[in-house]
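After this come two complexes, each holding subunit A, first together with subunit B and then together with subunit C.
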Partner chain A sequence: MSGPVELLDRLSSVRGIRGSVLVSAADGLIVAESLMTGVDGRAVAALAASLTNRMRRATECAGRREPVFLQLQAPSGTVLAAPCGELVLVAIAGPDVNVGLARLEMLNAAGRLA
Partner chain B sequence: MSDDIRGMTAELAADPESLVFLDLGEALRRRGQLDAAYKVMRTGLARYPELARAHDLCARILCDRGEPDRAFEAWVTALQFDAGLVSAHKGLGFLYYQAGDLASAETHLAYAAQADPDDAGSVAALERVHADRRAGGQADSGTEEASAPGASAATSGELSLSAGPPVRLSASDRLPASPPLTFSFDEAAPSPADEAVFTGLDGGADGLLLLDANGLRLGGGLRDPDGRDVADEVAALLAGVSKEAARTARLLSLGEWSGLAVECGDGNLFLSAPTDSTLLLTVRGLDVPMGRVARFADRASAAARVWLERGP
Partner chain C sequence: MRSVEPWVTGPLERFLAESSARLTLLMTSSGQVVAQHGFARSLDVMTAAALGAAIMASTGEIARLVGESRFHSLVHQGTRQHVFLSPFETPRGRWIGLVVFDGESTVGLVQLFFDRLVVELVEAAPRQAPVQQVLPETFERELNASLRALFGR
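== the complex of A and B ==
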């Protein structure tokens, strides 16, 4: 079975993805990362975990099941997140990414990590 | 103590900021543990002083405790934060009726009945007030003594609330001799304003929720799969999401965030920001693909902007 770093490297090889990070959902700390230089991984991890936790609570309050995939959209790129147990898999992608393909890769990786 | 109450108490102890205090307060009220329910609500209101639904529940507890004066104050406060809250109008209608102010009772009950024509309780109560006014002949001329100086009713059905002293309410000898009027406060119907934002769009009362930066509902509505109104709780939980999303996008030099798509096991949610200070939540089932949810959210955002510019 692939380790977290191998899974992140594979995910980061998807065209358009600039990097990925595995975050502890509880405290937003980095567990493993595969990021391009210049990206503040710690800040991204903390914010992505916080957003994911907030949406998890909101969906629970709305009587829905837990989020399985989140996408923060912006004109110059997107942040993708897939909760997996006590961890959150986060990927940063440019505007040229194939979100559908990235989503499949992330859900696959999240399933293995969970 | 039931398992539900025990569970909610534990949840609240673990997370004092949780909105579970609303459910816990209601559960305790239904069990007749009014002092405990009141204590829970006071603690919750200290954290969420602008949550209309919390003031409304507090009023119901006070009503059950036989404190109509304080219940009146709590309902007036609830309407200051949500002028269209139907249950607060019903409560005030009930109290005004008890005080013998049939004109004010009629105003509040008419609003409640108009907002939710399917609520047999409001409709029947309004008919009862009409009948009493006809029988007693005490239309407008006899209302000054008991009317609340802190609340005046506009002809449009919306309340214009001033900060006047609360009325002293008591079961006076002016109370009609007919059988007591009873109300059920257990329904949670959307107010007309809730749906007005998204007029013409599917989901104006359930599945489209517009909130401000503080997590307070501006319009729309949201119900869980069991039909329970969860709009206020979800709105409160979403407060601050806009700032976090903006910070994340800015940190990564992605530009202004335009949407947050959330895929759940049983539904699709889409968050967008119609304006800098508002947030729109669109909720649909899995049968609606995320792409369509996002396009629908765009239309709802446009409607929200028009509504915000025009003024509620």
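== the complex of A and C ==
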């Protein structure tokens, strides 16, 4: 089985993905990261974990099961997140990313991590 | 939120809004309270400040024993509520932040926004500190003035 760093490196090699980080959902702290320079991994980890926790609660309140994939689209790129047990896999992508391929890779990685 | 120093108010309000902290206390390294949020009783504030300063002093000694200059932060993890303690330098000397948070926040969020609070406090601090000599005859009056500022009564 691949380790977290290998999984992140593989994910970060998908075209358009600028970096990825594995976060502890309860703490919002980084477990492993593969980010390009200039990206504040600590901030991404804390805020993405908070967002995922809130979305999890929102879907529960709506009577749905917890989300398996989140896509947050911004003018200059996209933030993707896949909860996996007590962890959250987060990827930061540019506007050129193939979201379908990135989603497939993230769900695959999340499944292995969980 | 109550503050003895008015310039602390803005940065602290932003920290509270962003971190979702339940209780926050800013104090000097000797345990003198500078600002507080969420505490209802002055006795609780004074106790928390004294204990927070004592914890930082004792962990400072542990840091020294293991060859660290100091620990950046300290987290006490509870079942529902957690305590984050961190010393930081300001133009007014070394201060300590004590933050109590629950499931509405995470240690990562508190740490992230606490670091931003420290940057904002350092920028906002007046460079010319008023010289205040605490004398035994004025101690009680100054203490009462601080309590009025922190609790509004």
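The rule is short, and it goes like this: the second predicted complex is superposed on the first by the 114 of 114 C-alpha atoms of A that agree within 3 Å, B and C clash if a C-alpha of one lies under 4 Å from a C-alpha of the other, contacts with A are read in each partner's own complex, and residues count from 1 in each chain.
Basically, a residue touches a chain if its C-beta (ideal position, glycine included) is under 8 Å from a C-beta of that chain, and two chains touch if they have at least 3 such contacts.
Quantities reported herein were computed from a predicted structural model and do not represent experimental measurements.
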item: Fit-or-clash call for subunit B and subunit C when the two complexes are aligned on subunit A; value: fit
item: Which of subunit B and subunit C A:Ala49 touches, first, second, both or neither; value: second
item: Centroid geometry (CA): angle subunit B/subunit A/subunit C, rounded to a multiple of 10 degrees; value: 70
item: Subunit A residues touched by each partner, larger count belonging to subunit B or subunit C; value: B
item: Subunit B versus subunit C as contact partner of A:Ala114, first or second or both or neither; value: neither
item: Partner chain(s) touched by A:Asp27 [first = subunit B, second = subunit C, both, neither]; value: second
item: Subunit B versus subunit C as contact partner of A:Gly63, first or second or both or neither; value: first
item: Which of subunit B and subunit C A:Val5 touches, first, second, both or neither; value: neither
item: Shortest CA-CA distance in Å separating subunit B from subunit C in the superposed model; value: 6
item: Common interface positions of subunit A, toward subunit B and toward subunit C; value: 43, 47, 50
item: Interface residues, subunit A side, partner subunit C - complex; value: 23-24, 26-29, 42-43, 45-47, 49-50, 53
item: Contacting residues of subunit C [partner subunit A, same complex]; value: 105-109, 111-112
item: Touch list for subunit B against partner subunit A, complex; value: 19, 222, 224-226, 228, 230, 233-234, 237-238, 240-241, 244-245, 247-249, 251-267, 269, 281, 283
item: Touching residues on subunit A, where the partner in the complex is subunit B; value: 39-40, 43-44, 47-48, 50-51, 54-55, 57-59, 61-79, 92
